[in-house]
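Following are the structures in question.
The same chain A turns up in both complexes below, where it pairs with chain B and then with chain C.
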Partner chain A sequence: MLFLLDFSDFLLNGFLTTLQVTLVGVGLGIILGILAALGDIYGGKIVKIIVNVYVEFFRGSPLIAQLFLIYFTLPVLTGLKLDVITVGYLTLALNSGAYQKGYLKGAMEAVFKDQFLAALSLGLPLRKILMYVVVPQSLRIVIPAWSNELASMAKSTTALIVIGVREFLNTGVSITAQTFKPLETYLFITIVYFIWIYSMLKILDIIYNRVKIPGLEPVI
Partner chain B sequence: MEFSRSISLKRLTMTPIEQLTFLLRAVPITLSISLLSFLLGLTLGIIFSFIRIYGIAPLRYIADGYEKVFRSVPVLSIMFLLYFGLGGYIPIFKDSYLTSVIALGLVSGANQSQIFRSSIGSIGRSQMLAATSLGLSSFKALRHVILPQALFLAVPGLGSEIALLIKDSSYSFIIGVLELMKHTDILRAATRSLVFPYIASALIYVALTFPLATYLDKWGSKKKRELGL
Partner chain C sequence: MNVLECKNLVKVYGKVVAVKNVSLGIGRGETKVIFGPSGSGKSTLLRCLGLLEKPTSGNIYFNNVDVYATKQDLNKLRAKIGFVFQEPSLFRHLTALRNVMLGLKHVLGYSEEESRSKAMEALRLVKMEDWANYYPAQLSGGQQQRVGIARAIAMDPEIILFDEPTAALDVELKWEVISVMKDLADRGITMLIATHELRFAKEVADEMIFMDQGEIIEIGDAEQFFTSPTTERARRFMAKLLG
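Moving on, here comes the complex of A and B:
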């Protein structure tokens, strides 16, 4: 596998792209997920319908189809032209937000039942209840679900290959084309993916054990 | 767009019905990939979850390692490793269809092993002890007491696993399997339309996965109540 040393910069760049896309996707997904969950619990009828159509569509179709839709179809329909990496961020964020809405809603409802009423009876306005009572606690409850989401997002970034983003697996394709050594190249890439994703899961597990709320166990 | 890659030089005009029929013709392939990899994963999942719970130490470490590795690795990189890396050495991986089924099945086996482990775990060791104290051998206890209940408890998880496989089968488009995503790509090239093929195929995927997720979830929790678990 020593020939891969010649490509170390190239591989590192690819890996950093994958890391960046994963973190931006999950990060924006959290915001979308919180908004969608709040909309589904506290919103009106129309908001609920919009949230559920969004969630069912992005959970029900493959990421590759969503990438094609946003890369090819969206510009035709709206005239908005995006470069590949922005399409990557946007699609992963929309996809991740749809999944995170589910986890966050479960966590919020766990906090919701009694504590929401308790906070209301203490005279807190709705905005403050959400900001100080519901959201902070649900963020802690939802960590195990999140670590699953982070791992599955990290694995999903490989789909970006179809629109030509230079992510980690795609660097392997280019290296194979130059060296004709697919076995070593893809074995190396698969091992790196394993080390990265596995250690990420372990770290989040440690964090969760430190901040978990006794009595409010995970919702998955 | 990339017209040089299109399969015909002349643009085809097709009615929406014709385009839809063309896409729907790929649905059986997509479903067969998902179903076969689900069955492979089911076999692996049952075997490995049993080994992890009831097996002896060295086997347990192997099952544990299998689960950890295949839950932390992207399915597309396994497909590339098998298809491009091993295709030259092992004949079965020369076929892109079989390669996708095996790659998806290996990953699904790790997921399903976890699903079974948690459902067997919620039945508890007490039932196993009760069954063996009644004189059943541990194999018979597994076969007649634990497994029938564990299968019911696992139904919602297995339902979302099939839905996941239907969506993930789209990765096999990248190594050239003629499934729904590939048909979409061909249709896009033939009609040079960037709108209809992509929207239609995304909606077909939603239509395939939506009933699984909702119906099996309801059925699973109804069964759970009936069994009193």
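Moving on, here comes the complex of A and C:
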């Protein structure tokens, strides 16, 4: 496996790309998920329809198809020239946001009806109720669900290979093409994925236990 | 002068008429008790008076100003009307102290220190100062309810509405909440209380209001209800409650 040392910079760059795409995808997905969940709970009829069309579409179609769709149609529709990595960020964020909306909505709805009324009775405007009561609790409750989402997103980034993003798996494909050593290369790559994802989950576990509040157990 | 008053208040949910044409006023310093079978519209009436639900028709006056007709800022008025719910609806991610501080800080605009000292004062009033740093889930139902009362009191409201605050509590936890409410009545705080605790009502109520099926059936003092209710429905209900 020592031959891989010759490719260390190449591999590192690939890994960093994967890391970046995962974190940006999940990160933007959180924001989209919060907005979509709030829209679905507190929004008007039209907002609800838009949210649900978005969510069902991205949950109900393959990620690779979504990548192609955005890669080929968005530049035509907007006239913008998008590089592949931007398409990657965008697609993963939209995909992740659709799933996260479900977790967050569940967390927001299950516990907060009575507290919402209590906050209202204090005279808090909606914006402050969301900021100080609804969102802080939903974020805590949703952490375990995020572990799943992060792991799943980390693995989904390999799909970016189809639009030619030089992510970690793609570096393996290139190395194999040059060295004809698929066994060692893919073994190495798979193990790195495993170690990375496993430690991310552990870290989230620690964070969850840190911010955990008695009586605020996950509802999902 | 009435602090809070409603005239011909009606609230309809779909096809169900929850409150039918109720008129009622609470004067400054008064304690009034609403009672009646469950489903009689007490909660809905209180929520309308607390400006948490908009009545289908009728008027609500706060200090003689028609709230909806003159398009008042509801949040400003809600801050002046305390509300204690049947379920202790504390914010579960905040300690008892932080629960009480939230409105002081983010509605009334007090500084962190001012909010903290005012909140501690309110917690002392309900004898919960030793539990200030506990989370709701670490408190008993009665203790949570007392924090809920402190949260309402701390805002220095002109009136507090209580929606069956002891109904969800075990018998042995009821007394601590009741004794806090008695204390508030003694201090001359204006209150409208929905409750089934008739002995407590007898002690504190300036006036008792019997509701059934969304209507006020009878209004009178406690003595009248205990000895000779004038309506048949009130008589039957009193008999049931007093066993």
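Keep this in mind: the second predicted complex is superposed on the first by the 217 of 220 C-alpha atoms of A that agree within 3 Å, B and C clash if a C-alpha of one lies under 4 Å from a C-alpha of the other, contacts with A are read in each partner's own complex, and residues count from 1 in each chain.
Please note the rule applied: a contact is a pair of C-beta atoms (placed from the backbone, for glycine too) under 8 Å apart; a residue touches a chain by one contact, two chains touch by 3 or more.
In this text, all values refer to a predicted model and were calculated from it rather than measured experimentally.
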First (chain B), second (chain C), both or neither touched by A:S174: neither
Partner chain in contact with A:A119 - chain B first, chain C second, else both or neither: second
Touched partner set for A:Y193, first chain B, second chain C, both or neither: first
Which superposed partner A:N52 touches (first chain B, second chain C, both, neither): neither
Winner by number of chain A residues touched, once chain B and chain C are compared: B
Partner chain in contact with A:L77 - chain B first, chain C second, else both or neither: first
Chain C contact footprint on chain A (complex, rising order): 111, 114-115, 117-125, 128, 132-133, 136-137, 140, 213-216
Contact footprint of chain A on chain C as seen in their complex: 50, 52, 75-83, 85, 87, 89-93, 102-103, 106-107, 135-138, 148, 151-152, 155
Residues of chain A defined as touching chain B within the complex: 56-57, 59-66, 68-69, 72-73, 75-77, 151, 154-159, 161-162, 169, 172-173, 176, 182-187, 189-190, 193-194, 197-198, 201
Parts of chain B lying in touch with chain A, wherever the complex brings them together: 1, 68-69, 71-78, 80-81, 84-86, 88-89, 163, 167-171, 173-174, 181, 184, 188, 194-195, 198-199, 201-203, 205-206, 209-210, 213
